[in-house]
Amino acid sequence: MQMERIRASIAGASGYAGGEVVRWLARHPRVELVHLTAFREQGRPVADVFPNLRGFAPQTLNGTGWRDLGADSDVVFLALPHGAAIEAVPQLLDRGARVIDLGADFRLKDPEIYARWYGAEHTAPDLLAAAVYGLPEQTRECIRTAALVANPGCYPTAAALALLPLVKSGLTGGPLIVDAKSGVSGAGRNPSAGTHFSEVNENLKPYKLGSHRHGPEMEQTFAAAGAPVPVYFAPHLAPMTRGILATCYAPLTGDLSEEGARALYRDAYRDEPFVRVLEGDELPQTKATLSSNFCDVAVRVDPERGLAVAVSAIDNLVKGAAGQAIQNMNLMFGFPETEGLWAPPMFP
Amino acid sequence: MQMERIRASIAGASGYAGGEVVRWLARHPRVELVHLTAFREQGRPVADVFPNLRGFAPQTLNGTGWRDLGADSDVVFLALPHGAAIEAVPQLLDRGARVIDLGADFRLKDPEIYARWYGAEHTAPDLLAAAVYGLPEQTRECIRTAALVANPGCYPTAAALALLPLVKSGLTGGPLIVDAKSGVSGAGRNPSAGTHFSEVNENLKPYKLGSHRHGPEMEQTFAAAGAPVPVYFAPHLAPMTRGILATCYAPLTGDLSEEGARALYRDAYRDEPFVRVLEGDELPQTKATLSSNFCDVAVRVDPERGLAVAVSAIDNLVKGAAGQAIQNMNLMFGFPETEGLWAPPMFP
Amino acid sequence: MQMERIRASIAGASGYAGGEVVRWLARHPRVELVHLTAFREQGRPVADVFPNLRGFAPQTLNGTGWRDLGADSDVVFLALPHGAAIEAVPQLLDRGARVIDLGADFRLKDPEIYARWYGAEHTAPDLLAAAVYGLPEQTRECIRTAALVANPGCYPTAAALALLPLVKSGLTGGPLIVDAKSGVSGAGRNPSAGTHFSEVNENLKPYKLGSHRHGPEMEQTFAAAGAPVPVYFAPHLAPMTRGILATCYAPLTGDLSEEGARALYRDAYRDEPFVRVLEGDELPQTKATLSSNFCDVAVRVDPERGLAVAVSAIDNLVKGAAGQAIQNMNLMFGFPETEGLWAPPMFP
Amino acid sequence: MQMERIRASIAGASGYAGGEVVRWLARHPRVELVHLTAFREQGRPVADVFPNLRGFAPQTLNGTGWRDLGADSDVVFLALPHGAAIEAVPQLLDRGARVIDLGADFRLKDPEIYARWYGAEHTAPDLLAAAVYGLPEQTRECIRTAALVANPGCYPTAAALALLPLVKSGLTGGPLIVDAKSGVSGAGRNPSAGTHFSEVNENLKPYKLGSHRHGPEMEQTFAAAGAPVPVYFAPHLAPMTRGILATCYAPLTGDLSEEGARALYRDAYRDEPFVRVLEGDELPQTKATLSSNFCDVAVRVDPERGLAVAVSAIDNLVKGAAGQAIQNMNLMFGFPETEGLWAPPMFP
């Protein structure tokens, strides 16, 4: 029996997030890839742009971008530069497609906060209100019926899954400190001094301390969970291609033993297919989640210093981008949530 | 409809090749994993030994090694130290299992050559004669009915797929030079000075120049193809985890244009599911095959210098070990050859 | 004019810290290398153990360890396993040598704290009292006349230089959080699963959260500066050979503007030859200190969250070990403090 | 006694080769750095462009390029894009400076070969004839008196030092095969897809097989040594920042034992300060030469296959560029050849 397939298109298919969506959808049993567009790569075979996809994606890249999409697609994934989705989404929705936006245009729900961090008014505030923030572990039910899903940022995904059980317990008032270390693919595919091999390799460095746009996204997530707490976000660049490790520090306002904290996490994630709570002495490491949609989480408590420490690891391009987008698609179209995503990470 | 599954066991499941067999079989639709054994890891959960497999392999590791296997398995994969398979295979076959040996014990068909390179007589010469060298692109039909398959070495796989079309053309008499660069996982999982991060990272070095045991295996493959030629094999260690790039130099004895050489390769691999012949200016790179069973191949000719140069890239743990073993299993049990293996490489 | 040279010997010369002392002393204009010992490498030429030193260190390694040293050396560097220096130091001092211990045996001044963290009574408590903690930026004057210098740990060096100006200001009461990321060479030269290339490469992971022995060493340093504060120390392993980046978070108890914080640092380090306070938007990165004795430092303040964030970068084998030891030697023997150490880092 | 210093300037000081010249000259006892120019970096402090040089190079970069140089410099190092030196050199020589060109403009002595490989006539053929190819091991005496030195390419340096003793023996007629693996810094500092971290990391690939401009430079070197032989040059990119390993294959035309070959190399390099011939089983590895001006060399012979195999390792930015340039400068100005360069490589 051949299962019926939905039709999916991807705008911005030449970047890493877009390419990763293609890689996973290429063998998703419920999806047919229809159009792949990339503004700068008009007419190039996909395999020229992604040498791994030779044999998997016969399409050539369409250079018209998102403008032709929507009418013959059930779902459109947007992996576009900041700002482009604001223009695209209304038209795509009008044509009847549902949209999963991997960019940041619809993540911050408060237009004022958006304006403060992006330096411009949001020109589609009604859609901002309608968009569902697509973190299944927090907003699963809303995702199922959403026309527009704002796929979370990579860092906010790691921080939210590390901290939500603790924040929701009400035992911390912050400020939470999120010290996150990311692989270089998080910076995208455009060559620059900051992603030049010889300068990134054998180097570890912080950047945008306290001023990265993913900080307010984290605060929004905790506020949405009913527990507004301030977050200090410190991103770092690590000499590896994929992976985010988030080490999160929370000052405790109430009594919490380490066993109590561990129980909070076990309970919170008991039924989550893609969150693995580590037991015993084990701690998350990025390599244990490589090329998978899993998030590994662990928590520790230092009662003497009044601190809880939660750690999470993800593959920034999968659970931090393309995999989570497909998890959202599965929810939106009533497929099993793990369809096309259930595979062990690569190791070593 | 649930497809019927064969029962598979793995001896030596705590090393990289064994673990990679588990990773791929964990979602092979036609296989049920029965026993995983590892001599030194008695009773440990698989997820302790392979953090990526948490949630995928509920089994604990059985420390009795291969001795208990066979009776309730249709196929046993052996990923054992040199010499161990010679003892194990007769007993496993007696118990009715078919065997795929990822080690070197049954690769060299000539007992004299075996003795010269391994420093000891082969104690099961009859089985050596019966074993089928499991390179599907060369020995597909024999694999289908084999009771015992000797899975090729990682380097010989890369060298054979790079050079076979050329060697079979009769246009080179050698000596062929195979300059291969391998990721460190090829050296296995036992810690040593030669795999110590700080000494391997940011380093490139040759080893065993002209004296690696994979050299005679390459010569055997070409002789089996009807064209015995001497091979000089120069392995190198590169600072990466996975991947082999083999750059192969063949002095030409007859007229061969580059277009002619390219046609040889296109013809040879037209129907091969896992060999991708690159066109135009493209050259193989290990990253384009990462975490996949593909071998990418290209050929060039320098008529002025009378040389053909063939290049191949593989993931040493997949097409160079576990993936090829599963490709062999698919052939042995009449499954589609690509079953459980058809997935795009990871990039970046 | 030939300057007079002191005679130096190194016990434990086959590890990374010992080898790095040899590398720097090999061209120190005021030092003659006399004996190099390494227990397990009896009689091996130094160049066999350190391929970089071919042509620089004609000595063979003496396998008797430290037992023969002292009588004909002005200074002995100890780079030994935990515990060995406690036995060695009294005898070396008796023979008239001054000692710089790169290990941990004499770092923790309080025998009770030592016993708690090292699981055994300290058997030379009088020497513990006499030893000078060799962080020149804090204890310069005492180092000059010390017979025994305890060279600080790599992490505590990075944390102290990042936080001392802030802690001494009295504007933070802690708990200080030190989130440090280290290259793999910090784990030493003995091969193990935790330093195996294939498992460390492309991986980032925390370890010993809140339970690493360098934590109490940090607290001791701040207490010695007159401002006891609790420290939560979270070490991480990063996929690179050298370098430590310490990102340190300090809750503020009083008013401190970012400009005020920057001024504290400029003042504190104005005359320090090996601490570079970065200005403007620049942040420390490990690569900018690679293969040098420099520590780069920067500070930021988030008034809204009541946090100061101080960042430092060092080469863990130089300022974090061998370079600092030589800086201490220069002080002990009245040489210019930068002698033999004044060289730009390597980049890229 | 203060030694008299020559005055040196560098044009193109913002690239890796230029920056490496600055790094080494910053502590050369016989050189005063006068001007550093970089066309695109007008007025920026050197430490902004090279974070390692903070504290070592107070100069700001002069954006006028080479046009103002020469009159007040004894020597000018040119690290410019292809073609720029042809215009600069005549004027610099006129102003009385001696010139060391790290680019390719004056390397190929035959204007026809230059035109074929660079696609344009050489517009200063007389200077081409006057320029001395600056490989001290081959042309030391001519370098001493040269007004213009063409500093060899990185790959040709590695290939020449690996093969010259063998080629000069007359025992090989070629074609020589040079399979070289280079770190990414050899591709320069301009960001591009080919140097983008996420695509180069964990990847090994060949490029410009048989068509790289360093191929004819190698043939010229062997012809200049009296033994013209064809060379097939196969460059590869390896995932590391620095280092070239050249594995070179030479078909033998006469009898040569391995011991004989080893003796050839020992004899050839006995008095060379920067070539280390490895003995016994040791083989060159890039890490053993990192951050040094050394070239490590070894040779093997396979009599059965009629092949000699010579291997060399260098740091491409030192012996392959800046270090060799300074070695040439030392020769030109009568300084000890190792002045300012005599330092052990970094390890690990």
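Going in written order, the chains are labelled A, B, C and D, and every chain counts its residues from 1.
In the analysis below, a contact is a pair of C-beta atoms (placed from the backbone, for glycine too) under 8 Å apart; a residue touches a chain by one contact, two chains touch by 3 or more.
Note that this is a predicted model, so its numbers are computed, not measured.
Undergrad: Name the pair in A-C, C-D or B-C that forms the same interface as A-D; by residue number, over half of the contact pairs must coincide.
TA: Of the listed options, the interface copy of A-D is B-C.
Undergrad: With chain centres defined as mean CA positions, report which chain is farthest from chain D.
TA: Result for the farthest chain: A.
Undergrad: From the C-alpha centre of chain B to that of chain D, how far is it in Å?
TA: Inter-chain centre distance comes to 39 Å.
Undergrad: So, what's the distance in Å between the C-alpha centres of chain C and chain B?
TA: Distance between chain centres: 46 Å.
Undergrad: Measuring centre to centre with CA averages, how many angstrom lie between chain A and chain B?
TA: The answer is 36 Å.
Undergrad: Check each residue of chain D and list the ones that touch at least two other chains.
TA: 16, 183, 185, 198, 201-202, 239-242, 285, 287, 290, 348
Undergrad: Taking the touch rule as given, give the residues of chain B at its contact with chain C in the complex, in rising order.
TA: 16, 183-185, 189, 191-193, 195-198, 200-202, 239-241
Undergrad: For chain B, which residues count as touching chain D in their complex?
TA: Touch list, chain B to chain D: 174-175, 177, 179, 181, 183, 198-199, 201-207, 209-210, 230, 232, 234, 236, 238-243, 245, 247, 249, 251, 283-287, 290, 300, 302, 304-307, 309, 311, 313, 348.
Undergrad: Considering only the defined contacts, which chain B positions touch chain A in the complex?
TA: Going by the criterion above, the answer is residues 1, 16, 19, 23, 26-27, 50-56, 185, 201-202, 241-242, 276, 278, 282, 285, 287-292, 294, 296, 342-348.
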